[in-house]
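As written, the chain order gives the labels A, B, C, D and E, with residue 1 at the start of each chain.
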Amino acid sequence: MTTDVMLTADTVGQRRENLYFALRNPKVLIGLTIVVGLALLGVIGPFFLSATPNEYIGPKSEAPSADHWLGTTYFGQDVFTQFVHGLRSSYLVGSLGGLIAFVIGMSVGFTAGYRGGLVDEFLNMLTNVVLVLPALAVLIVISSYLEVRGVISQAVIIGLFSWPWVARAVRAQTFTLRNRDYVDLAKLTGKRPGQIIMREIMPNMASYLLMSVILLFGGAILFAAMLDFIGMGPSNSVSLGSMMQQAMAWSSLHLGLWWWFVPPGAAITLIVGGLYITNVGLDEVFNPKLREK
Amino acid sequence: MLELEKVWKSYRVGSLGSKKLTAVRDVSFSIAPGEVLSVVGESGSGKTTVGKMVLQLISVSKGAIRLDGEDITKTGKRGLKEYYRNVQGVFQDPFSSYNPIFRADRVLEMVKESYFPRVKRSEWDSKVEDSLQSVGLEAGAVLGKYPHQLSGGQLQRMLIARALLLDIKVLVADEIISMLDASTRIDVLNLLGSLKERGLAVLFVTHDLSLANYISERVIIMRHGAIVETGATGKVFGDPRHPYSRNLLASVPQLHTKWSENPIPVVELEPDGDRSRPPAPLTKVDERHWVASVG
Amino acid sequence: AACTDSGSSEDPENLSIEQFPRNETLYTTGTAWEPPSDWNPVNPGQATGLNGLGYETLYLFDPNTQELSPWLAESGEWTEDLVFELKLRDGITWSDGEEMTADDVKYTVELGQIEAVPYANVWDWLAGVEVVDDLTVRFTFDEARHQEWDNFLFTTEIVPEHVFAEYSEDEILTGANEDPVVSGPYTVHSYDQDRIAWVKRDDWWATEALDLEVKPTYIVDIVNTSNEVTLNQLIQGEIDLSNNFLPGISDLLEGDPTLSTYYSEAPYMASANTAMLIPNTTIKPLDDPEFRRAMAFAISPGEIVDSVYSGIVSEASPTGLLPIWQDFYDQGAISEAGFQFEPSDAQTILADAGYEDSDGDGFVENLDGEAVSMTLNVPSGWTDWEEASRSIAEDLRDVGINVTEEFIDAGAVDDARTTGDFQLMLNNWSGITNSPWGHYRYLYQLPVQDNQGTANFSRIENEEAWQLTQELAATATDDPHYAEIIAELERISMEEMPAIPIWYNGVWAQSSNQVWTNWPSGDGDTPGVYPSVWNEMFGMGSIYMLTQLESAG
Amino acid sequence: MGRYFRRKLLIYGVTFFIAVTINFAIPRLMPGDPVARMLTRNKVANVESSEAMRVYFTDLFGLDVPLWQQYLNYWAALFKGDLGVSVFAFPSPVTSIILDALPYTLGLLLPSILLSWFVGNSLGAVAARSKWLDNTALPASYLLTAVPYMWLAILLAWVGGVILGWFPVAGGYSFALRPSFTWVFIVDLFHHWVLPFLSLFLVALGGWAIGMRNLVIYELESDYSNYLQALGAPRRLVRRYAFRNAMLPQISGLALQLGVVVGGALVTEVVFAYPGLGSLLLNAIQNQDFFLLQGILLFIVIGVLLFNFLADVVYVLVDPRTRLGLEGGVS
Amino acid sequence: MALDVNDLRVHYRTTKGDVRALDGVSFSIADGEIVGLAGESGCGKTTLGKSLIRLDGRMRHVGGNVLLDGDELPIGNDRAMNKHRFKDVSIIPQYSMSAMNPTRRIGKMIADLLRSRGLSYRNLKDELVHRLELVGLPERVLDNYPIELSGGMKQRMVMVLSTLLDPSLLIADEITSALDVSNQKAVAETLVRFRDMEFVKSMIVVTHDLSLVYQIADTIMIMYAGRIVEKAPAETIVKAPKHPYTKALISALPEVGLEYGDKRLKSIPGKPPQLLNPPTGCRFRARCPLASDECAEQPPMVDVDGGHQAACWKLED
């Protein structure tokens, strides 16, 4: 039947369309290139660098040169080595912190949205409390409470505090989705709430969830940089934020060591900006209204 | 077989649930095997709510729903799963009854997963084929497709096939044809007809009086959450006693007769009152015909 | 507060801060970390300049000459073994016009009878104070702790009885004493969140008595900001004196002739205290003096001085005593028991003491064969210490001692140090004072308690050293026995190694010559005072900085 | 509506209670002893006397009683408006320290939030209708929101302060001045304010612009816009409506943003050594000043709750849709 | 002749190619005529209605022209079209519920709209109030926000607003499908009344409910897959349809009184074709019981008798 042939073509289109647009969307392309490129640098880079980031290997305060691509610090550490290691920890914090926040936000959001009623009100309250607590302040306090601060603990802390908006958004979306007929149908099939959330509701928010992950990832990187900058970062490793902190602490502005503080900030901007731009691109892909603009 | 006794439902509405809205008031009725019972009424009269309560998708505020004498509002989770072996539903919007991102036949697969986990694949496949057959679908044409690749009629029929996989006794059909095209709706309607011939009881929720008339033996007319008139279809539609029923019938557009040709004067109806009070009682006006007294 | 008609007024007190002529104002920073809030010398914490510009001490102590000279006091002497008689200068007036008398001195010292007053401990060995006449006070002692008494004389600020007697005990201990009535060369002009301004008094006693005149009419001290900011302001000439550690200053000194430091070349800064590696001697293998000595040989102070501090500090003497006490350095002891950076020696000592790497992980084990793994804690955010500890840990690892640096919250460092829950840490609480006695008390104080708040963080139990330290306290500086005790203590310290001296932190001072010149310096043979506004420094002669400054004109 | 607000108030009340409790707990969970820190900071190193002082001050700060007692005392004091005495800036009362810092924070944050909101929204609205602007301003906005505050601050300080020397890079005003209503002072204040302001303004700007653009596009696609256009309404009117409606979520967004105003712009204040609550907070933490820390956190919580509540109220007032929703109507 | 549409072609641009939603549509409407437009979902009814007033961003005017009262409507030119909208052509949209700015009082919105069209709200207000009363709305609704009105009230409000300037042509797209029967009737009757009172000259009523459109329309057009297949007076379409598609459509409609036991209704097998690549020839071919080889050619629209046209090769049968 001709109609059937048509339909098949149509389906494949619908499913592939998103991929097609995603791969053709310049924003997604540019954004991903930046993010993935820097990630690769952070992951692979350290294997090619002999020095550890804090080692004094070169002359002090030297401008970028062939030997030291990004110059050296006030103590003669190689800025490029630090930069590469910093990238690595930024990505680690970003992904771990983002993931934790995502999981919490999702759980709270789904539970509140699906259950409704008292459970919802309670979780809403919890969300509000976390939202009301001055996150930065609490983070600082908790960070200082942890005697030894590592990238992981930092990520956990960030994760524990950045979920509320995800929870809110997921809750709102769940509210609308839980009234869909197919949810009722799943109930009529004797499915438990957990199964319904996982198998009926969540897949329908996939694009949205993906974007939340992206935003959380970027947010966690920024937050971590902020903490690092005020000296609440991981104590024994190099991060992009702590590079800026060190640069400031050792008067790089006045000594003219711009190569010390410009690259880390630029990298964060690029990563987060790249993520955001990817996000817009994806948004255009998933939301045809924006695509047509 | 299925019996509702003095069922009430109120929703909490307004922000933070500050208000109560009584959607269904003191509704009692029963359906026998092989019978189609239509529920008609204006938008918001509580039809869907009744259907969902029968399906236990929403809780009952007061009253009892009995299947073969057992009050299912009291059974727990396990009991509910058993209940669904007997009572299933199909909803208004065929497209939203399917999760758009999965293949349509997933609804069938889910039934296997929940109720027939041990049935062999081949056995199951033939069972599916049979039930698709009985709703007039060709397995090859619908299996493995995504919802948007199928027509509304196909989707609705597949949902009915899904219900049939379970050997059900009662089907709740909530406006299952109102989203369909004029021509496909007939297919679905005729399917319901054949189901009833097979002994299924159908609760047919609709706002289209002509369809109700076409398919059902008995009808319930609801207004403001309560029953205003009920009885055998022929009697109710042929001799509507309640002013609301009359208004309703007069408003139905019909082919071949224009409104202008036999103008029925529209009667002013009493407005919506205090819904928490019990509604006007039904009085028998004829054999198999009850009407609520007009206050 | 500002007067509206200030233009016509000649009185500098009536000028508001924006009207201060730049060439009569000294801008300082580096001391205050919090908004000025406390003008009470009796409780802990005080606004910059309160001790020295406002309240004054009876004596001044010159660290370079190790001499105590009378200040508010005209003279004082031990009239008997246990009696000290002090004569106050005549004609000292408080800023409210009242005369300062012997009663004020008696009152101040007796305030120490309140337990929570910082100098309450003087009453452990002081028996009584009596006013002999208007200007004479007689102290009688249970025990003549000469060094401690000297210390008391140049650190305790005399407060006006007529003001403080009005205060309740609570007010004395916790009050802010706003509008302080002072004896010194300046009074508080005004203050704000981030600064305090002092204005010169025209009836300061020393102008007449000692022919001293402080040059700046105004002193504005700025609450500490970041290094970056301070550096910038210093270069711009907005700030005249910064008394805080400014990384990179040595690089800037070369290019900027208007900047100056105490010394014009390395180490640039005078030494203020000894930064030491504190081992916890209650745990293995740090309980072993030989092990501690091996560590001393393994660490390269030179690396820290050069890399971390770019040469603005100097390496510590193995005795740990500050250079002001170099006359007491006992060369014999040093050549016998001293140490210097020599990794091979460190390894030899380790091997001789039986520490070896038997499992081949590159690090030595305990004598019982247990693996050694220690952490060196410094407060995170103390960037110079962080860098220094990296260097130390690396040096130690190089000789096979497994140490990792670990930066933890400053509060956690405090806790660890107090409770003894640490392995290694850096500490520098032994600084300039009138006698090495302070240093040894810091090292050896006994008994060791559960909480060690201020001294003996190594928790070393050396009765002999503590005995000697107490003896030192009771010995007068001119007593020939004095130097002997110190020499003995030096030897014990280098053998026992209760703490490993590494470098001397500086009396950080960077000054700009754009507005004021003739800053005190350690160059040449002028025995310069320290160019510092640290509160305790005025009592150690920094007040002379203000009388010697010259306007750059 | 009264019922709605009563319930809201109740919820806010409970949230406040929990948040305050957490505020109380947080500093006490930190390592270190504030009194010991205070004594060491002030070089009270006299071995014999320091113990006596420790006891005295521990008692003075009420830290010697059991935790539950401290908690009750804390609430009792709170109701008397007494936030205690600062350890760090002893013996100043916490309230006065906070109130002293508040004007700087407000002076820096209010303008930067309000202006970035205003400019960002205008920019977003314009971008929504101009392809050219959309392609230039939007990527720039994304980059701006991605910039870490401190980095922008450092760059501004470096370029505007160190290299060009146009602006001072630290402090709220010159050390040669005292706050007063004189031209000299105001100009100077402004001069110091420019760079920190810019760093906050620029980063926030991008976010608003992006949000506004998306909202306006969404509104332009809505049914009412379509209907207006079908009735031949000129684009101007359609856009005006779209802009107004897109504004509503932005208004409550603004209110929420204003809620965190009292939290201060910590990193900015740190970079520019700007006096304000942010740097105060950092100081309080670094010095284990329980009382100051509690006080600041309390201020922040109150600020956030207050403005959240305000956002709720504003929303109900400006958007008729919510008003009906509250009354339990159906649409 | 109020409206004359000639060979109108409107396509949707999509990534996969053009959807030929209107593929050569020609018809005309007389003054005072109400034309019902019916057909299965997706056949292009909405597209036709919209194309006469406002092409949206994805619609493309490919060919054909539209004459209204003898003047050509510049339907492909959004800007030029603007002056005709509201005044000459107006629309009652499918989404009356959300057609009004939710944050503006209705009266204010109308005033804004009129003013932006260079008209005076004050002058028109009396007429507006008059018409509101006609549909049973009090004057004070002008001070309400849309949300404060019930669905039916909103619908009537939009009806009054859309016809306020007495347009020559009114397009009413599925305006009753969301309503229950009593409201449907009221709305339908209002439309007729508007025509009778000459608020609008002629009207296209788009719906898929034949029985409803039969109640009010003078003429009914049946669309199938982007084309008009039959056009005739309402009575004729219902009682004597010519096109096999129309016949099938009519026979699929139940009536009050008809019961399942009496007579089975029959549906049309199959599904309408995709408009992305429509089949050549008669588009109903695949589902038509009468289809034969000649149907591979596109059948022309032929006059059956006065005012009755159909496009089918098998009209004689």
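Going forward, contacts are C-beta pairs under 8 Å (C-beta built on N, C-alpha and C of every residue); 3 or more make two chains touch, one makes a residue touch a chain.
As the structure is a computational prediction, the values presented were derived from the model and not from experiment.
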Hop count on the shortest chain-contact route linking subunit B and subunit C comes to 2
Report which of D-E and B-E is connected by more C-beta pairs in contact. B-E
Please work out the Cα centroid separation of subunit B and subunit E, and write it as a whole number of Å. 32
Cα-centroid distance, subunit B relative to subunit D, in whole angstrom: 55
Averaged over CA atoms, how far is the centre of subunit A from the centre of subunit C? Could you give it in whole Å? 48
Can you check how far apart subunit C and subunit D are, centre to centre, with Cα atoms defining each centre and the answer in Å? 40
Can you tell me which residues of subunit A touch two or more of the remaining chains? 7, 10, 121, 144-145, 147, 248, 253-254
Interface hub residues of subunit E, defined as touching at least two other chains: 271
What residues in subunit D touch two or more of the other chains? 30-31, 157, 161-162, 169, 270-271, 329
Which positions of subunit C touch subunit D when the two form their complex? 2, 16-18, 20, 22, 25, 27, 33-35, 37-38, 40, 43-46, 115-121, 124, 173-176, 190, 192-195, 220, 222, 225-226, 228-229, 232-233, 238-239, 381, 409-412, 414-415, 418, 429, 441, 445, 453-455, 536
Listed in rising order, subunit B residues that touch subunit A in their complex are 16, 52, 55, 57, 80-81, 84, 88-89, 91-93, 96-102, 107, 110-111, 113-115, 141, 145-146, 148-149, 159
For the complex, which residues does subunit B have touching subunit E? 42-43, 151, 153, 181-187, 189-190, 193, 207-211, 213-215, 233-234, 237, 247-256, 258-260
Taking the touch rule as given, give the residues of subunit A at its contact with subunit B in the complex, in rising order. 4, 7-8, 10-11, 14-15, 121, 180-182, 184-191, 200, 203-204, 206
Of subunit A, residues touching subunit C in the complex: 54, 56, 60-61, 74-76, 144-149, 231, 235-236, 246, 248-251, 253-255
